[in-house]
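Please read the structure below before turning to the comments.
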């Protein structure tokens, strides 16, 4: 586990005036936001709102055109993804990015890479420290597979798994890096109701281990059931943020999602379930 | 002895450089056509040039065709080779990765070289210049008419291609296949025939280059490799897929070689051209005229 | 001249068939004549960069074996030629020579064709104590003689060719020359000798240009030499670049500056490719190329004319001087086999003491200190006159 | 390694150890040991290339250039400066590592065709330098009388001695590479090949790992070059040109990129095809060589060895299912 004080009050992630421009298109327009430590923070918004772009900026895949992103007190907006991962942030991808021809266990073992050190020469000569580390990698990886319930599929090729299990495997791989902050990019995409429910339980178990989770998701049931705070993005700008109940009632959010004529009269609960 | 003033030497190097550059440009154009439609780099492009020259020698010398029919017959024969390459090799390896596609085209080029060696033997062959041999003296600088023919051929080809790909429906259809073959099929573009056409067109242009340069450079069975290498360099320098880029980059490469040979050291002229190319690759991989986004999006 | 070219391509296919049946013919003949066959090992660059050397050498060697076997072989033993193509590659040549020595157990080896490959196998010949007669020119093949005990060569050294050329220039009062050499073994060793011997003849080299074997344009090099105020330009290359040099020299209107070529230009095919652009080009050549021009009483006349007749009858194409190297090395090997039989050490001693052996490239006088046996007197200064060789005055 | 895997490897090692004695008595194949010495030298190059191309997915058409740099550095240090060959060998490796690092950092930012072109361009530049710097490298006419190699005083002369020396190097490189592949570094390299974006997100410093494996392949090629120098005792730049870089890539692809054994057997196969078995075709040799490559890459894209491994696995699976 990465040694950090799970209970300290300062936020795990702070975004200050984050802008992202692709040529003419401005995907993110000046986002200020703080994510407290230890919570499940959801980010929702219609397609094209800039959710994935924001995630890519936070995780270093993209470097924001302007603004500062600080993680665990250090500014990371210009750091490469592998160094951010070393600081204790890990992620999954919208379209599952596994290593298809490697086994399930090996995929998770790659997650342990950032927490181990033996270099080219050490592994080539199989030094004693390297062998001990390799054994530890094996153990840790199996442990995380057990945690997500994929232990029996350890020696299958990752590419052969059904989509649902691949999504879970990607989470296990991310967890294997001992993250302080886990970014989930639409993990429920393509899952059926039962799998989504299990995913919700898994996220809660992850949070129980003190790992902060940022969840980008469309499935409102999942979002409402697991998140402590929700940030709504609309055309690259934060529209609203707060607890799930507040967001459910917020007229601006409803209008953004359902358009004008659907704005609810006073007191009538909005239609729940998937939009 | 008429020792010609220094000015003329500079001009002589430039002329030599442009002639060689036009050859590289023509080969580079061949790469771009196939790349535009299939994103494949056909390393056998140099062999098409060689075959063009040798077929022209066969039709002109052995079958006694006059120059123009020999030119057209050679272009047709090599286009047929391009067709065979696409039909029986490329189509079989549709799902090949970038790397194995490179290997396939290299293997095919070795096949063509072996075949040419069998049919034409190992000696160099020559074609008479299109408009009489000998050179014209123009204030101290000797100009080969054939060099002007090479420039004319490459100029017209670039013009036709730019128009074809930008103006005509067929051209746009070909470009569409490269960006998104699935979408192209959806809107009814026969992707397979487009790819088929691109290989024939690229082979034909390679052949045209081969016929145009043989009177200047002679042609032999293993001449294709170096031409292919320089042509690919020009294609990358000019930005993969850009015809105008290929022409300019080819000429630049030829001039760089010629001036280096003239003023630096004739032994290192090839090295200078390649250093130019490496710098372009490292600092501007999308090439002089390519766009950064377009290069980034291309599937590798 | 175009007529000649017309049937060459169509002739090509029939020749391949001819060559195949020649091969078939060859093997049974060996068996028929009784007695254990005498083997001669040969390694030529039949394909690859130096194919213009290896191809005529291979054809000449095969023709000579046919002739010898037709006459009943040597002392009743048929001659078997074991020939490998090293594709102008040093590694392949190294392997081919070792195969000849260990598997085919040949008593004597002729070839390789290029200086580079010859130098690559000198150590093998010395290690396994097998006499090797190289067809390449570099003097390093046979010098220092101490460590070249088993190695001979039949091609004239570049210092003979350069010596002959500089003699002619000195006679014509040429003192400033520009040189342009191809960046292969052939060109590099020529350049070395040109630079080394220049001062002995009071000649200064005012331009030293180089180019690649597959280059398509030499105008830059020629222009630089034209600017340097040279009275003559020496082009040292073989293959297409030799032809391009002549065409470039003609196109740049440099007739005022004499063009000298190396013996690498000594093949009728190149003359044909140059057309009339080669008029007036000067080059030192072995007498094999100018057989018909030699006076009747010249010792080499008979063997040269016989070689030309046999070669052109069999292959319908003009001989090349490189084929002459194969003729010399084959006949030296055959003479040794006839005298001392297939014993490697005896063959070596026989070769080392061979005197006035009349060959295509000169009259060979080998000695323990000279494993080449030629001098610059074995060359003639030749000029190109209306598409053919003529003796230069 | 599980015992089931050790048996075939043991058998193969025994065969290789006894190879010179097996071949010697048979007249027509007694010279195969010579060919195996060259095959071994080329294996060193292709093992490194297999790691770079097969596992890390980065193409390189510059291996012959590193092979050449190693050869010439060894030749110059021993021939001209009188170094002991065993000291010159690591020196050559260090020079190659430095050159590979300088070229690798910018080149490996590129992908696909561009990377192929960058490595190809670098390879040709090295070939031109070897050709032009006549006073150091002897230029195109080559470099003569390079000292041989000797172990503890006794000079290595016989082919058999060289066979064992070269194949010991190959065994060591194979073992080292095998260990690298079956470790966190190997997994990281394979991850880079399969999904670079995800590997970077998991903390694998993709850029520096690509360069490291590129340097490793260059060092192996340099060692091969040093062995080649002292074995042939003569060098000419044409042995290190672009065609040889292409041949090394073909050896890895034909053998099979997904396994070290693929590189090994592919190299031995193509060395024998190129030097031995195609001699009979004479004029048709180049044509047949091209045809073989085309057929293999078209019908067996994963390579001969990997194809055989799949056949074995399928048959073993079929046996299992039948026996249940």
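In order of appearance the chains are A, B, C and D, and numbering begins at 1 in each one.
Throughout what follows, a contact is a pair of C-beta atoms (placed from the backbone, for glycine too) under 8 Å apart; a residue touches a chain by one contact, two chains touch by 3 or more.
The chain lineup, named per UniProt: A = Amino acid/amide ABC transporter ATP-binding protein 1, HAAT family; D = Amino acid/amide ABC transporter membrane protein 2, HAAT family.
What you see is a predicted model, and the numbers here were worked out from it, not measured in a lab.
Visitor: Can you tell me which chain lies farthest from subunit B, using the average of the Cα atoms as each chain's centre?
Guide: Result for max centroid distance from subunit B is chain A.
Visitor: Can you tell me which chain is nearest the middle of the complex, judged by mean CA position?
Guide: Of all chains shown, the one whose C-alpha centroid lies nearest the global centroid is D.
Visitor: Taking the mean of the CA coordinates per chain, how far is subunit B from subunit D in Å?
Guide: From the centre of subunit B to the centre of subunit D is 32 Å.
Visitor: If you average the Cα atoms of subunit A and of subunit D to get two centres, how far apart are those centres in Å?
Guide: Taking the mean C-alpha position of each chain, the two centres sit 43 Å apart.
Visitor: CA centre of subunit C versus CA centre of subunit D: separation in Å?
Guide: 36
Visitor: Rounded to a whole Å, what is the gap between the Cα centroids of subunit A and subunit C?
Guide: The mean C-alpha positions of subunit A and subunit C differ by 75 Å.
Visitor: Residues of subunit D that touch two or more other chains: which are they?
Guide: Residues 131-132, 283, 285-286 of subunit D touch two or more partner chains.
Visitor: What residues in subunit C touch two or more of the other chains?
Guide: In subunit C, residues 16, 47, 49, 183, 210 touch at least two other chains, as defined above.
Visitor: Testing understanding: with touching defined as stated, what is the shape of the graph linking the protein chains, line, ring, star, complete or other?
Guide: It is other, because the touches fit no line, ring, star or complete pattern.
Visitor: Between which chains does touch occur?
Guide: A-D, B-C, B-D, C-D
Visitor: Subunit B touches which residues of subunit C in the complex?
Guide: The contact residues of subunit C facing subunit B are 2, 5-10, 12-13, 16, 47-49, 51-52, 55, 180, 183, 209-212, 214, 216-217, 219-221, 223-224, 226-227, 229, 231, 239-240, 243-244, 250-253, 256-257, 269, 273, 275, 277.
Visitor: Which residues of subunit A touch subunit D once you look at their complex with the stated criterion?
Guide: 59, 61, 80-82, 85-86, 90-91, 93, 97-102, 106, 109-114, 116, 118-120, 123-126, 130, 133-134, 137, 173-174, 177
Visitor: So in the complex, which bits of subunit D are touching subunit B?
Guide: Against subunit B, subunit D makes touches at 53, 57, 59, 106-107, 109-114, 116-118, 120-122, 124-125, 128-129, 131-132, 242-243, 246, 249-250, 253, 257, 283-291, 293-294, 297-298, 301.
Visitor: If you look only at subunit D, which of its residues touch subunit C in the complex?
Guide: Residues 27-31, 34-35, 38, 131-132, 134, 139-142, 144-145, 157, 159, 232-234, 236, 238-239, 274-275, 279, 282-283, 285-286.
Visitor: Along subunit B, where are the residues that touch subunit D in the complex?
Guide: 41, 89, 92-93, 96, 98-100, 102-104, 106-115, 117-118, 225, 229, 232-233, 236, 240, 265, 267-268, 270-271, 274-275, 277-278, 281-282, 285, 300
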